[in-house]
């Protein structure tokens, strides 16, 4: 018995000494996962690929390699194994984060399935639907997945997208044609509105005054300048209404992504796999 | 083991094109960038084009330059007009220029409404206003 | 009993084997850095950190990572790694070296207020290194174009006097903003001429003179409102432009002088530099 123990100990010591140091398959795997988390996906992929032919190379390792490919924006080369649904989720999540509309096919949505993956696919569908101003029964029944605060925010954001508060460019133009700068007051650019009124009125007054005094040459010059600024004032008011509408849309989008960055409602695909 | 590591790293290099781009050695430069002054147009093209460029150059030399750093925008008002002319017709370019001059005189806080570039100028290209954009 | 004794004897072999691996890995990282493969060096340093549970190489690995980031222009990450290096060593000398690297990076980033705050704290921690701190202060002032202060700091710390001479030369060449502005305020365009912009100087003088004449003419014709508008849009506008151009031209000229001096230092100065 003692002899056996000594033999085992010696073998253990030799195995440790002769082992490939920091490059044993277990260490490569754990280091690969570590640098994947740090965001060095090309190097992580390489670490996982080094495991080919070792006992550590299995479906999960292959899944990690495919995940790295997705992070490197290669959406087409991946392995067909039991982690395929996770990979499809990872691709959709990455695409969604790049601003692309994600269409979740009905075969991937089983409402009765409460697995972490299904819940996250459902959440991804809702988020993507909100971005593209769609909202169906599935979304309505599942919005509670984001919690009370999250669902309230998302519903408000959807309303802002479907029915945004806009300003009419035509109305802004008409207002400015009647009173210089009034169109800009309507779009909330008060400083520009005051400048419009000031400049146009001054040149209009100078034109009037010179006509009144009989200085016709000067009067026509000032009339031209006043007309030039009045034209710009109307044009600018129309443009400012359009810019206002665009900025409202951008604000809604910005708030949406701020919520996404802050709340991180979607789980990382590798975390889902690790927890399963 | 060193050989193994070297081999690994060499193989890795071929697979990491996009990532390594930001890892290229970047020579250190002690000097500070001097902001480029607006350039004058080279007088070329047919007669109307050459005449127009000459006019713009004249405006820059005799009005814009002595006027000093009054314009908080990028592109400056003259550049804005020339760019507008390139992107639209002459009437719209004049309307755009007039609108720009009004916004330049604005009594409000201009910095609230525009993006600011690295030199502190307000980014305001004509494409922002041209109808249809 | 024998077994226990045997295991006790052989345990250091296991630990040493791991230490050897870490030492080999560090050599490898070092060789990668020396050969200019900064990305690989950084990843291998990360591997060293990841497996170095006893924190034997945390200082060295973080230091090399910081250098890799600095060499590739990623200054913020470089500073972070040097910070980690500084907190992961008990040695005061090593701490100082890491802190010195942070100061060098801050100079390159031109983050002068952060530099000033940091060096003030460091002077309290390393009072014996005040001469070296003055040397880096000299560089900081040279980078911000404050030649008088730079010369003063180098005169405390620089034994070769090469840097002092260069600072004095730059100081002599530099144009005075006060002088330029006073000239322009008294004679519009004179400040521009002082900065070497003669054509602009003449045009400016012409505009201001025209503006003054227009205002005078309008007042003479009792058209006071016209005079006000002409004063605002011609006279005062170009007078203000005259002053702002003076500031701009002098700043540009001084920046050129600074760049010329710093370029010379970067290429020719052989001592320690940012």
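A few comments on the model shown:
Note that the chains are named A, B and C in the order they appear, and that numbering of residues resets to 1 at the start of each chain.
Basically, contacts are C-beta pairs under 8 Å (C-beta built on N, C-alpha and C of every residue); 3 or more make two chains touch, one makes a residue touch a chain.
Small disclaimer: the values here were computed from a predicted structure and weren't measured.
With centres computed as the average of Cα coordinates, no chain lies farther from chain C than A.
A comparison of the A-C and B-C interfaces places the larger number of contacting C-beta pairs at B-C.
Look at where the CA atoms of chain B average out and do the same for chain C: the two points lie 26 Å apart. Averaging Cα coordinates per chain places chain A and chain C 35 Å apart. Residue positions 21, 24 of chain C each touch two or more of the other chains. Each of the following residues of chain A touches two or more other chains: 21, 40, 43.
Of all residues in chain B, those touching 2 or more other chains are 1, 5, 12, 16, 19-20, listed in ascending order. Every residue of chain B that touches chain A in the complex is listed here, in rising order: 1, 4-5, 8, 11-12, 15-16, 18-20, 92, 94-103, 105-110, 113, 128-129, 131. Only residues 21, 24, 27-28, 32, 36-40, 42, 44, 68, 71-74, 108, 110, 143, 199-200, 203-204, 207, 237-238, 240-245, 248, 252, 255-256, 258-259, 262-263, 265-266, 274 of chain C touch chain B when the two sit together in their complex.
On the side of chain B, the complex with chain C involves touching residues 1-2, 5, 9, 12-13, 16, 19-20, 22-26, 28-32, 34, 61-62, 65-70. Within the complex, the chain A residues that touch chain B are 20-21, 23, 40-43, 45-46, 50, 72, 189-192, 194-196, 198-199, 228-229, 231-233, 235-236, 238-239, 243.
Interface of chain A with chain C (complex): residues 2, 5-6, 9-10, 13, 16-17, 19, 21-22, 27, 30-31, 34-35, 38, 40, 43, 202, 206, 209.
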